[in-house]
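Below is one structure, written out as structure tokens; comments come after it.
In order of appearance the chains are A, B, C and D, and numbering begins at 1 in each one.
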Amino acid sequence: MAGRTWMQQGSPITFGLKAAGWLDAIERTSRRLEGALDRASVLQLGGAVGTLASLGPAADRVAEALARSLRLERPVIPWHAYRDRLAELAGALGIAAGMLAKIGRDLSLLAQTEVGEAEEARRAGRGGSSTMPQKHNPVGASVAIAAGLRASGLVATLLAALPNEHERGLGGWQAEWETIPELVVLTAGSARTIADALEGLSVDPDRMRANLAASGGALMAEAVAAALGDRIGRREADQRVRDGVERAARDRRSLADVLAEDEGVSAHLDRHAIERCLSPEQYLGEAVTFIDRVLARWQRT
Amino acid sequence: MAGRTWMQQGSPITFGLKAAGWLDAIERTSRRLEGALDRASVLQLGGAVGTLASLGPAADRVAEALARSLRLERPVIPWHAYRDRLAELAGALGIAAGMLAKIGRDLSLLAQTEVGEAEEARRAGRGGSSTMPQKHNPVGASVAIAAGLRASGLVATLLAALPNEHERGLGGWQAEWETIPELVVLTAGSARTIADALEGLSVDPDRMRANLAASGGALMAEAVAAALGDRIGRREADQRVRDGVERAARDRRSLADVLAEDEGVSAHLDRHAIERCLSPEQYLGEAVTFIDRVLARWQRT
Amino acid sequence: MAGRTWMQQGSPITFGLKAAGWLDAIERTSRRLEGALDRASVLQLGGAVGTLASLGPAADRVAEALARSLRLERPVIPWHAYRDRLAELAGALGIAAGMLAKIGRDLSLLAQTEVGEAEEARRAGRGGSSTMPQKHNPVGASVAIAAGLRASGLVATLLAALPNEHERGLGGWQAEWETIPELVVLTAGSARTIADALEGLSVDPDRMRANLAASGGALMAEAVAAALGDRIGRREADQRVRDGVERAARDRRSLADVLAEDEGVSAHLDRHAIERCLSPEQYLGEAVTFIDRVLARWQRT
Amino acid sequence: MAGRTWMQQGSPITFGLKAAGWLDAIERTSRRLEGALDRASVLQLGGAVGTLASLGPAADRVAEALARSLRLERPVIPWHAYRDRLAELAGALGIAAGMLAKIGRDLSLLAQTEVGEAEEARRAGRGGSSTMPQKHNPVGASVAIAAGLRASGLVATLLAALPNEHERGLGGWQAEWETIPELVVLTAGSARTIADALEGLSVDPDRMRANLAASGGALMAEAVAAALGDRIGRREADQRVRDGVERAARDRRSLADVLAEDEGVSAHLDRHAIERCLSPEQYLGEAVTFIDRVLARWQRT
């Protein structure tokens, strides 16, 4: 399939590479959430102002027992007015929602009518348009993108709320009460939705191939410029290929035909060599290696 | 000094405990920043679409050499469209700015004319009012609070920018270009400012004592209720002390006098015992222990 | 061209209708900015605490003269700690940036390789890829989308900064100093960029027509369902057309062919009627009326 | 009472002036909300892609009738993908929440134990501390401050969501569904809470006077510098008064005594004149005028 940068076809990738990118992000996101949750799982027991004075000499034993029974770590000092651990957890949730939204955005772009390379499973009562029978809305993608947007604002609130006054804040702390649960629910919902969307995803390799070919080979320009550059220097090769791409687009011809006619090219690469250069399968670089590495690490987790 | 919750005097703490809270937050913040920076220090080299195809068979060696020379870790897969590591770093910066703002807010509250327990160093040309010679503005605090507010919005932008399209995003990625440097500069400036403010801080123990005493002992109510509760049960003790606090406030008398007159109290605690309960020094709980633990961990870092 | 909802082809529109939507948003955005600027152009002169005491009996005349010379309105009361008018202006800038980003997003989607309906002017040294000669990045779109993301975070900062303390805040007010100028510059830059992008836009009607046709008429399903519904009721018509769309997609045939074979359809609409229903030009509704109204209002401004 | 800037006593104001500032902000906020609601009350009816094609020739009449029955204005063009009017309404809500939080912050600062100039009504089961009987938490203030923080993040989400794709967005639009209702409920709740807090507010003029006096007249320094400046020039007057303030603070004497001993002052202002300058009632400037203007405008609304 086409790799796309700035929403334009760049050079070819495989669908596996795209999915490996998603998986890699999910794996990192899970680890980040676990780390943040771990660091946030810390007993808060300080009494009114953080001295535990009202517990008298029993304070230390009470704290110890409570921490044990709640399976929370004991901090070196009570932390009521210091909500940074929760903010870190919120940030990790916000990033998770953002990564899920990234997958959702990719899905929505792949599902466009004109692209059509992948689409979410069609389920009864979901994603159909009430009036347009041909439509199949990428509902999972929309949920994840919306969740990402909402999470970013919720995290901002939690950061702005950090400067709590003295030993227990007024207003900042209270702003967490609904914001953190919302963030958790939102991100969990988005994860569930994207998991469903990916499980039910139907992928269309024919459309991927057709989209690659549609530009008449133009997206392989980098490959042929690289091969030509080995013979005549990169700068001149780039210019010749660039001219060829423009000519091919103007005249609606294939890039191979145009380049084969250019003596500055054909003197160094014959028609066969040009065509090999323009074959997407020949220009996938380390895609397979990267996929393998992502999978290997995933299996270790 | 008074420990304050919801902006009200609660029970006594020591200034050392407050400062230990600040130090603990700084220590945690530093560690969080280091962790995030570490995790973000990862080579990004994928060529146009993340396959490294243009480097041909040399790809792996080039990536290895580049990572070594930049002292960056090699990721399992290129990550141009996955900016979560940078978002985590940004989040850690935002939390740092928030923690510094928390210290700034405490400083500004302590420096209020009516509180006067601590103030930033007076420096020529800084913090003086042009027209009000008695004023000494807590400039460092204002810088840190402003930085915290600004950081929260900048982090929101970076989170909202996460869903980059396909192999290289359009718009989201570009939103980082000025936002991340700004966040770094802002947080570093705030850290410098708070460091200066704390170094030059002048602390007024007399005002701390006077503020503790000003309410006629009311902020020690919890202590006397606890002692009385050991004799007559917590519920009744709370009610008697609550009544005493109200009577003392209404008649502008000291809580000790009022309680000593209440037979329901004096039958169990004599004047001397009441006064001992009302002495802030007797009611600092684990303050010293907590300070020691914070310092011990700080010295290990 | 195809009207697109949820990133899917819905029913046909004209490019003029899309552009009219942009123009309408720009017009509304300009008016909103003017209104907010107007309401924010209010003298702030209150002396230290808002009483103008230091000006003595001359206070009123001084304020009057200053307002006149700065061409600012006089408020009924000094407003240093009340920054809502500036927040409203900031909000209007943020919305402007968001609307420009909406146009940018549309441009980037239209310029996708697989869509190709419009692209920004190709300018020397701008938007070309260093390694991929076929690429032409929608640079204007990326600037506007990035500006929209950044503006949303800056506005959040200004809103979070509103609760200024007493007669002159500490921290909140200072957070405006760099945020408001940044917001102005950012939005102005985005406006300039989108103006350039739209002026230089090259539009490709052939691709628009081709994209409309590519789905074999499926996006006209609503039109034929509406016509059929007049004969056999909407519910049954919808179901028959929905079946036809699916059959056509599965067998890669045109919708007209499939529907003409369905006796439940052909009994009511002959081949000619079906084809007329499936002609996009026949199904543009009020597009022209809406364009005319937008233009008429624009010319009045 | 003391007017306070940067959390420090500046010069005197009256409580009426402070309350007039609150009222002025409320009035402006109400007007802004009404304007935004008005501008947002616009029919959205465009069918699938904004052409109303499915309504056929009846489109215009249907739209007209629907607008009339919903009492909404008809726009010149359908606006599904252009959510700026709703964003403006959201912004107005966010600003309203911010202004209410400003009042809340003032209330919380006035209610501090060491300031004690005003406090929210004590109500059974509200604002009392479970363990500290002397405490009376400013619950209304905390609700309003929390609401302001939450609103700022919610508005950021709505701004970031503006760039909706084509004729109906995917993700951005959906992010509004819970965010806008939440913003409405949050702001309305904050308004109700602040209304209650202000209605039940108990104000303590004695504490206001005592706080003014507590600095030994230092906050009147600007007044005496102004009077002295009329005789010996502002620069020298400022310096002498500044020295006097410092001496008075160092020696814990009243500013009047210190200045009366300074021949550079007493040659121009006798003890009586100095004391008149140091009387807060003499230095309220236009406070009454401003209050009257705010009230007059309020009564007109």
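Heads up, the rule we're going with is that a residue touches a chain if its C-beta (ideal position, glycine included) is under 8 Å from a C-beta of that chain, and two chains touch if they have at least 3 such contacts.
All figures in this text were calculated on a predicted structure; none of them were measured in a lab.
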*Which chain is most remote from chain D in terms of Cα centres?*
A
_Based only on mean CA positions, could you tell me how far chain A sits from chain B in angstrom?_
32
*Distance from the mean Cα position of chain C to that of chain A, given in whole angstrom*: 25
*Using CA atom averages as chain centres, what separation in Å is found between chain B and chain C?*
41
*Name the residues of chain B that each touch 2 or more other chains.*
4-7, 10-11, 47-48, 54, 101, 104-105, 108-109, 129, 131-132, 137-138, 142, 145, 148-149, 152-153, 155-157, 160, 170, 222
*Sort the chain contact graph into one of these: line, ring, star, complete or other.*
complete
*Inside the complex, what are the residues of chain A that reach chain B?*
3-7, 10-13, 17-18, 20-21, 24-25, 28-29, 32, 47-56, 59-60, 75-79, 81-82, 84-85, 87-88, 91-92, 94-95, 97-99, 101-102, 104-106, 109, 145, 148-149, 151-153, 155-157, 159-160, 162-170, 222-223, 226, 283-287, 289-291, 293-294, 296-297
*Under the touch definition given earlier, write down the residues of chain B that touch chain D in their complex.*
2, 4-11, 108-109, 111-115, 129, 131-138, 142, 153, 156, 160, 211, 214-215, 218-219, 221-222, 225, 238, 241-242, 245, 249
*Spell out the part of chain A that touches chain D in their complex, as residue ranges.*
47-48, 54, 101, 104-105, 108, 129, 131-132, 137-138, 141-146, 148-150, 152-158, 160-161, 170-172, 174-175, 177-179
